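We call the chains A, B and C, going by the order they appear; numbering starts again at 1 in every chain.
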Amino acid sequence: MENADLKLDGNAAAGELREIFGAEMTIVRATCGSCGAVREMGALSVYLHAPGTVFRCPGCDAVLVRIVRAEERLWLDPSGVSCLELRTGA
Amino acid sequence: MARAAVLGRLNWLLAELVELVPETPRVKSLVLAAPGWPGHRPGQHVDVRLTAEDGYQAQRSYSIATPPDGERVVLTVERLEDGEVSPFLVDELLVGDRIELRGPIGGYFVWDGADRAPLHLVAGGSGIVPLMAMLRHRAGLGSAGPAALVYSARTEGELIYREELDRLAADDGALRIAYTLTRERPPGWTGYDRRIDPGMLGEVLGGADPNATAFVCGPTRFVEVAADALVGLGYEPGRVRTERFGPSGR
Amino acid sequence: MDHVTRGFRGRRDTERSDRIPPGQYETRDFPVLSAGPTPHTPLETWTFTISEGGEERARWTWDEFQALPSETITKDIHCVTKWSKLDTAWEGVSVDTLLDGIETDAAYVMAWSDGGYTTNLPLEDVTDGKAWVAHGYDDEPLDPEHGGPARLLVPHLYFWKSAKWVRGLRLMEEDEPGFWESLGYHLYGDPWREQRYWGD
């Protein structure tokens, strides 16, 4: 199985993000702390087939967000993102 | 226009299989009735969760094949060679069985047709499923802008929804559909016969339209080739939305 | 319990054996798990280094590494994502060979890989025949998808400790969490005590 096949779009982790944040996160715009590129989270590269979920910048491959889930706990490291932009009005 | 942000946590719902529709030798559509279904937008998906008697669970995501229709949710599932979940859904599930699903999920890969901007679709294999929800929704709207689809499959028999797609195109002058078969063509085939490339996409979609939104769905490598081709043709990267299906076997 | 799906069993073998640690299921295939793109370091530039305090203590090029004594090892492996695979056959250089002649007071190592992955281990868990740098699997050179050209192999701990695409070991006096250990995964990771996460 080609490793290229393991890379998905952020959209594939949409359910997980919904569960954590209680809101649709794929349309939130994230700035890569490494290269400055801004993209909707649904457009980030996501690796789901790992001990955790890893979001990477499609441009520079930097790790943006990591999520690990245990039975009743969850760890989230958003430190690769330097800022998030959300829409608040209709 | 519907708010893009949908609030609230998702709960697992029990949906009942009311009909099984064979589409191709490896593909079936599961027509589900999901009491409490909150509605969805074309392009969204659900998570399906199966639980064995000893508590073992497996979960997978499947695109919804139909536009919003009350509590009716249709999933079109391809049986993957080494799959753990898809062979069960396609071969073992019986009408009357219930499965857990959660959704709708995804705000990024959706199309509501609220404006009349051109809709450009590129599908590889079972990547046609969420795009079919969009085309079915568009047909129901009656007054949408132009649309075009390039659909790549290995053989004619693997084209899902073939008759319905041909009918949609025949009934609507503003919808253009082109198929390309990459492995084997039937005698007399007049469609394309190669992997998608910028030339083919340019011919069918009519060149990069700054107002068009493009949706590409299929196996990861197919999506990368198609997305790169669209950007190469002049589509703005932000207007090319992709949904990679990941490995075609596990 | 959640709704049981009639007729669903899943891929695994439900025969419990005393070779399968608690909470695990046996698999016959070899799942590929990855947190990022597969690196493709050319063998001409590949090196393996042992360092301590920022100073290099030993280094091998690919050719030098291939010239080291190598052995065939057959072991059971256990991934924290719950699959276990029995009798996996590897070809590799014992970490004891790589550490031979290196005097150190360090009690821990950080294995680091191409692509940025890291994982920490006690030094005593990679010595005395417990760990290898593996370059072959099932009689073939190790596939990039499974960590080739070389990966760390530490079968007695959860498999996230067997760092793919490994390029070196950093000797450390104090323990420090690696990539997954800094985000909830257990610092040690003994599958027989089910040490998957912090506090387990």
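Note that a contact is a pair of C-beta atoms (placed from the backbone, for glycine too) under 8 Å apart; a residue touches a chain by one contact, two chains touch by 3 or more.
The structure presented is a predicted model; accordingly, all values stated were derived computationally and were not measured.
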> Which chain, with its centre taken as the mean C-alpha position, is closest to the global C-alpha centre?
Replying inline: A
> Which chain pair shows the largest tally of C-beta contacts?
Replying inline: A-B
>> Just the number, please: Cα centre separation of chain A and chain B in whole Å.
In response: 22
> How many angstrom between the C-alpha centroids of chain C and chain B?
Replying inline: 38
> If you look at chain C, which of its residues touch at least two other chains?
Replying inline: 31
>> Among all residues of chain B, which ones touch two or more of the remaining chains?
In response: 250
> Can you list the residues of chain A that touch 2 or more other chains?
Replying inline: 1-2, 4, 6-7
> Contact residues on chain A for chain B in the complex?
Replying inline: 1-2, 4-12, 14-15, 18-19, 22-24, 26-27, 40-43, 48, 86-87, 90
> If you look only at chain C, which of its residues touch chain A in the complex?
Replying inline: 31-38, 79-81, 116, 144-145, 160, 180, 182-185, 196-197
> So in the complex, which bits of chain B are touching chain C?
Replying inline: 12, 14, 49-58, 82, 84, 88, 92-93, 97-100, 250
> For chain C, which residues are in contact with chain B within the complex?
Replying inline: 1-12, 14, 25, 29, 31
> Tell me, which parts of chain A touch chain C in their complex?
Replying inline: 1-4, 6-7, 47, 49-52, 54, 56, 61, 63, 66, 68, 70, 73-75, 77
